[in-house]
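Worksheet: one structure, shown below.
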Amino acid sequence: MCGIIGIADHQHAAQKAYLGLFALQHRGQEAAGIIAADRGRLAGRTALGLVAEAFPDRVLREIRGRAAVAHVRYATAGGSDLVNAQPLLFETVHGPIAIAHNGTLTNALHLRRKLESQGAIFRTSADSEVIVHLIARLPGPIEGAIAGALKQIDGAYSLIFLTPGKLIAVRDPRGFRPLCVGRLGRAPVFASETNAIHQMGARFVREVEPGELVVVHDGRLRSLKPFGPLPAPTQCVFEEIYFARPDSRVFGLSVQATRRALGRELAREMAPVKADVVVPVPDSGVPAALGFSRESGVDFEMGIVRSHYIGRTFIQPAQVLRDNSVNLKLSPIPEALRGKRIILIDDSIVRGTTSRRICRMLRRAGVAEIHMAICSPPIVSSCYYGIDTPRREELIAARGPVEATRRFIGVDSLTYLSTEGLLRAVGSRDFCLACFTGRYPTRIMDFEAALPSRVKTARPAAAKSPMGVA
Amino acid sequence: MCGIIGIADHQHAAQKAYLGLFALQHRGQEAAGIIAADRGRLAGRTALGLVAEAFPDRVLREIRGRAAVAHVRYATAGGSDLVNAQPLLFETVHGPIAIAHNGTLTNALHLRRKLESQGAIFRTSADSEVIVHLIARLPGPIEGAIAGALKQIDGAYSLIFLTPGKLIAVRDPRGFRPLCVGRLGRAPVFASETNAIHQMGARFVREVEPGELVVVHDGRLRSLKPFGPLPAPTQCVFEEIYFARPDSRVFGLSVQATRRALGRELAREMAPVKADVVVPVPDSGVPAALGFSRESGVDFEMGIVRSHYIGRTFIQPAQVLRDNSVNLKLSPIPEALRGKRIILIDDSIVRGTTSRRICRMLRRAGVAEIHMAICSPPIVSSCYYGIDTPRREELIAARGPVEATRRFIGVDSLTYLSTEGLLRAVGSRDFCLACFTGRYPTRIMDFEAALPSRVKTARPAAAKSPMGVA
Amino acid sequence: MCGIIGIADHQHAAQKAYLGLFALQHRGQEAAGIIAADRGRLAGRTALGLVAEAFPDRVLREIRGRAAVAHVRYATAGGSDLVNAQPLLFETVHGPIAIAHNGTLTNALHLRRKLESQGAIFRTSADSEVIVHLIARLPGPIEGAIAGALKQIDGAYSLIFLTPGKLIAVRDPRGFRPLCVGRLGRAPVFASETNAIHQMGARFVREVEPGELVVVHDGRLRSLKPFGPLPAPTQCVFEEIYFARPDSRVFGLSVQATRRALGRELAREMAPVKADVVVPVPDSGVPAALGFSRESGVDFEMGIVRSHYIGRTFIQPAQVLRDNSVNLKLSPIPEALRGKRIILIDDSIVRGTTSRRICRMLRRAGVAEIHMAICSPPIVSSCYYGIDTPRREELIAARGPVEATRRFIGVDSLTYLSTEGLLRAVGSRDFCLACFTGRYPTRIMDFEAALPSRVKTARPAAAKSPMGVA
Amino acid sequence: MCGIIGIADHQHAAQKAYLGLFALQHRGQEAAGIIAADRGRLAGRTALGLVAEAFPDRVLREIRGRAAVAHVRYATAGGSDLVNAQPLLFETVHGPIAIAHNGTLTNALHLRRKLESQGAIFRTSADSEVIVHLIARLPGPIEGAIAGALKQIDGAYSLIFLTPGKLIAVRDPRGFRPLCVGRLGRAPVFASETNAIHQMGARFVREVEPGELVVVHDGRLRSLKPFGPLPAPTQCVFEEIYFARPDSRVFGLSVQATRRALGRELAREMAPVKADVVVPVPDSGVPAALGFSRESGVDFEMGIVRSHYIGRTFIQPAQVLRDNSVNLKLSPIPEALRGKRIILIDDSIVRGTTSRRICRMLRRAGVAEIHMAICSPPIVSSCYYGIDTPRREELIAARGPVEATRRFIGVDSLTYLSTEGLLRAVGSRDFCLACFTGRYPTRIMDFEAALPSRVKTARPAAAKSPMGVA
């Protein structure tokens, strides 16, 4: 749940990286960082908060150099631990190296314990630090050391490395997380999503392929395939359903068109639909609701308004607001809803508590019947590949039948899209569906003890206080 | 372009006012203030920035008392002048008095010069300070002094006053700006829009009527009509078109339904429509585009995405962003637009520069034809009643025929809603249409010299530096 | 307890005023402000905190113009009320006017009630606002209006006014507070103390005389004596004893030399002195202790060290520190004190609690005998002329005989300087000794009801919260 | 040029450490940090700025646990590199470990290159990180690993380590930097200077001896001597002359008494002294000037006043101030100096530029003759043991004879204390005099290439930007 950017051979590398981060802000709001390479040195800044907060003008202008790597980090519980903010920057036998990581490793803890027993010391709780330790123990050149390190790693990673001389981008062999290449004039750029490529003023060229390692050096771009024969791709389908921005292409698909297709498939599965209006939970439900409306013929209505002013600043609002956050973020339009039978479209249900609050709000606004339609199958398993789903016990769909969920949320009916419908909408089988099926495509060594109930302490501990090591 | 809140007889008056301000944040992002009455004193805080930034928990908790008045102020050019932030607080012969004002007076400068010649001293450049001076020169009770003062005033005002014993709400005789009453349990509440009433957990009771003065004292609510026979109402139609939130009722109309009707009327006037998709400029164009799509039968498409992260924090982003602000706020979905003939729906055109940038962006995304459809008539005159339109020379529609605007913006066709269509959509003639017609319903003494080209210095000077008096 | 600065006809007026404020920082740490006159406008800034905190580079650079007035304000209890920070800035019939005030008026409340009854409105609780109201009701030219206003005023004031065309400095007829004139090249400068004149790079010319009004206009300096025959001066002797900086001349006396003389006189009155060392309470006691040591022949010892890091930043240290503030600010040098009989020199005793804590600290460090020697007479009355002494009941010397004070503080002997000794040290009778004698040289109308026990609420209320009017 | 604190077995460990840091603030103003051990975890905070700025109440309260280690860091040029702020916190095979370091290692770069070649990765440019790497490669128990690591280290270090179970304090075999032990009730405390022991409310017990390693575990204090036969101590004499606080005992000497003795020795060497007054450069010159005055019989005068408000806040004052910093910090008292022949006492001369500015200021104040008397020998060599002296070329005494320095500073005569006088004053030969003699008591491997002109880049680079690795 992070976003990464790389750029080389450009006069305003840090400024362009900043524009790119801005477009990836939805992938992480907790912290932001930019490191640039300038005359043999790497230097930059990481800070807590939104990109615009972390990089005031004067700070941004000080980050000089023709290549840069950048990162936004997702807000994890309780975390204001700047020490973990990326890009991480280390000095090694290969010289200084910066790393930006999107994804989660599944054997990092195992490797960390082994490295510690060999005398390694760790400063962060980030699994990404393990990668740098492995690299530092292998001979150069740096791209060889990186490839050698990644062969020891399991899990999900899209990575961008920066050294004083090279920019290196990699996607794991299964391609869990997205990463794409573009060109800004002649300068190569990398970003998690295509909208960032466009935001930087660059043109989209192609995706980095699963298992591909791209080296940018002296203006040339070299593609390596260090992993040998690759398994079938298992790209994260949740990027399409919820996580990516609708104006991006991800894994070759237009995100908005895919969400529209999800709504259309759901309408087909629910046909015939008897309702007065189709109402999306904004904003992620809007494209699907439009697809559903078109397919079903039921009128589309923006019956819920989303505030632009909630939850978007690092400055915490007063407690009185935080106690009521759903009500502040979303508000119903009584005139559009009163006495109506509505199809309420949302992308997914995790714990069910948010949906319940929304439905209570709709009831108070006078809705007659709520038929909740979810554009994905029930989430029954935790994700170990970078999506911050809670542990299994907290997933409402893992705790009981659909009827129980329906009663908990308080709706008149509840329908999920089938796995088949989902696959029809995305038009391919090259996706990871583990959160819907429990079938994980890789070993998940660090978490195995935790299955089926994932134990919090089994992963590198999230710091409770600003800085801490357990 | 401000929002105001009042509440009386409630244990958590300031906290509730804060919730209300939050819902009115779209009416003003520059500054926020809350003043409460506690044991014979008035005290509180005004600060620059968004409500959530201006009132951290610890500050909000310190504002005690059972009655409060609150205000959000619109960002005016160059202004970080805290001294003008409202509610203004003065001590007078009537005791302390706080005032929150939405609207603009049209003879304030004239009155100010007269008051100064009588020895009055002014601390702010706000026209609202004139009102307090007039009140202080009239005998009590306070509601009588307020009525006497307002009889000398021309222009647009919805006002809430707070004294240690009374809360008083007034709307000017023509009702330019909205103001409504609700009940939170037994506690009377006032707010610019109904969505704030709901956000506070209260129920909407009715609008304060044009020319009505409501006194809350000792738990009782008294309605006065001090102005004698009233002129026909001239409520601001721009509140319906653009300014108010879609989940509010304003002047008795559902804002969202009204905007939908504007789109429907425009579709009728443009029929038959030949296009592939109807695309709104988000967010204000969405309801109208839905209405247009329904009426015309042309498919609705969210072809432009609005970022949630731009312009929402008091902290200024780096210069590199501010140079490109439209591109950052809005981005097209190429897959949804490429090769299409689109109807682009927006609420209005002011200078035309924003529309031009949007259309260039759409061209780059591959749109084949852009037919721009504006849900209001051309804006040809400045507003002197509280909407921050620029001076006449900067209004593109005042500078040439529609064809010139079309060429400037760079679209294939440009259609405005007719004044008749606008009146059909709002279903009444009780509105001010001055910005479309140039026919001002009141004297505008302060600005007369400035007509037709309104001179900036003719109004109380906007401070350039943090604090200043010309 | 404030410091004021004025400067005219200088290219960098605000920057020079800033340097001057820096030198007056000891006169007020709560708030700072600078207002400059630029092309017919007055503009500037006031902010809470130390001068260096209130005026970062970027803010200071924005304050343009060739004349400026500036102010530092003393930290009054609980007060973070920016609205009262000076210079105050108002617009009047004379045009804009800024005022910086050092001193306290003794009939401000009386005048304020009268002005309010005539329709005046007040924004601050500062007595200085009354002066501006009086000025605004009198005909020009401005210096005439100022003189007319001040004739209605009782109490202590050194004032600097700024208008777009003139800089005007006044000292009250009795000369309670200091004010001096200098020249920076040809530019006239005014400051509360001579050290600020020097800090600005200017040369000291003379003091503004009691009852003198100096007008700077078009590069010329005109002296007016509007008050007619003047009473004998009653300059504040406490400026010499404690308040002013030792590197200043105040009322024609070198402050450091005067303090040395106070110590010398005290040594004479206490002769013969039997002790091992003379130890000052730093920093204000140092010059007196040196004088005492020289006169008595007893060795001088810096036995107490003062921390440079306590209480000097606007950022409040953690509670654990504030609970112990004396211990953190001052610490003994055990090696220099153990087993010694010491003469402990301090400038004055107010409540006695600080002295008690210091003496306990010295006992713990092993001091054998403490003979406390105070370089001024017992303080038995509150000051109504600008020194922030507490009300009479809290003055330990007003509550009982010297012996009771000695026991409370816990010293072996306690000696105050006699009034005669004090007068010998300052070499003149032109001083106000009211705090030692209770004989006030003027009417103190606002406080009369409060005598002998001054009632807090009898003065314009100090705001408890950021902004408030009782 | 840092200060360190340790405490174990106390309920409010972090709060007490905070009090201790406060007393060591003069040893470092750039950054502060506190790490505590709580239920098997280490957590805390480091921040830029003064202690009071870095630890607001709410932050301090969150640092829980019964043992803590703390650090203040000296302001190095350009450095706002939080990543280097101490205590450093790492996770190793021994579990989490925090380290606070005062001193400089002289073979850290050499060891770092060796460790990197073995795969170690470095996050900071602090030489202290090398120590942790060495520890992590040795078997437990932790105190054995620490001893083993330190045997590989050359240079100056007083160190405090914290693990979840143990607190360990060490002083290097030559005892360059001070470290002492105290007891707060039964809780063992450690601090760089005795004044911090007292500030924490504890009693001084003894110094940690050179080459001693003290382990606190389960309430018991164990002393180890892991280094075998020790060389003669070479304690830093500059701690006595300038660096330590006068209310501390350092290396068994009262700092204030030692400074007084330095002044006395200097007076003897200069006898007979012909002058009107002895004037110290405050504050460090005060005790020596008192000693000089007593010995020579020449009158002591506080002729220069030091501002309490300059340079004490993290917030940078405006540029106009920084251009003039000496003038703002120190100001002369003309009345005390005019026409006088003065002995100006200072502790040392480094570049000579500060002395020159002070003397120019004194000339402007009318001093007739300035005889500068320095209480230490000429500084001719850089320090590699933790005092931040500049490189040799910038040391004025290394660049020419005393007569050249005298002319540069602009005084009538210039006298340094002799090395013999210095040794008489400190009463022992167990001191490092390298800065006066160029005879370094240890290998200084990292810097050897740099001798005699120390090359800046030879040490781990100080980051210019917030975070950076060369």
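For clarity, chains are labelled A, B, C and D in written order, and residue numbers in each chain start from 1.
Everything that follows uses one rule, which is that a residue touches a chain if its C-beta (ideal position, glycine included) is under 8 Å from a C-beta of that chain, and two chains touch if they have at least 3 such contacts.
What you see is a predicted model; the values in this text were computed from it and never measured.
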| item | value |
| --- | --- |
| Chains touching both chain A and chain D | none |
| Number of steps on the shortest touching-chain route linking chain B and chain D | 2 |
| Furthest chain, CA centroid comparison against chain D | B |
| Gap in Å, rounded to a whole number, between the CA centres of chain B and chain A | 37 |
| Inter-centroid spacing, chain C versus chain B (mean Cα positions, whole Å) | 48 |
| Interchain centroid distance [CA atoms averaged], chain A/chain C, Å | 60 |
| Junction residues of chain A - those touching two or more other chains | 59 |
| Which pairs of chains touch, using the document's own definition | A-B, A-D, B-C, C-D |
| Contact footprint of chain C on chain D as seen in their complex | 12, 15, 18-19, 22-23, 25-26, 50-53, 55-57, 59-61, 195, 198-199, 245-247, 249, 254, 256-257, 283, 286-287, 290, 294, 299-302, 305, 307-310, 312-321, 324, 327-328, 331-336 |
| Interface residues, chain B side, partner chain C - complex | 35, 40-46, 59, 62-63, 82, 88-93, 96, 116-117, 119-123, 132-133, 136-137, 463-470 |
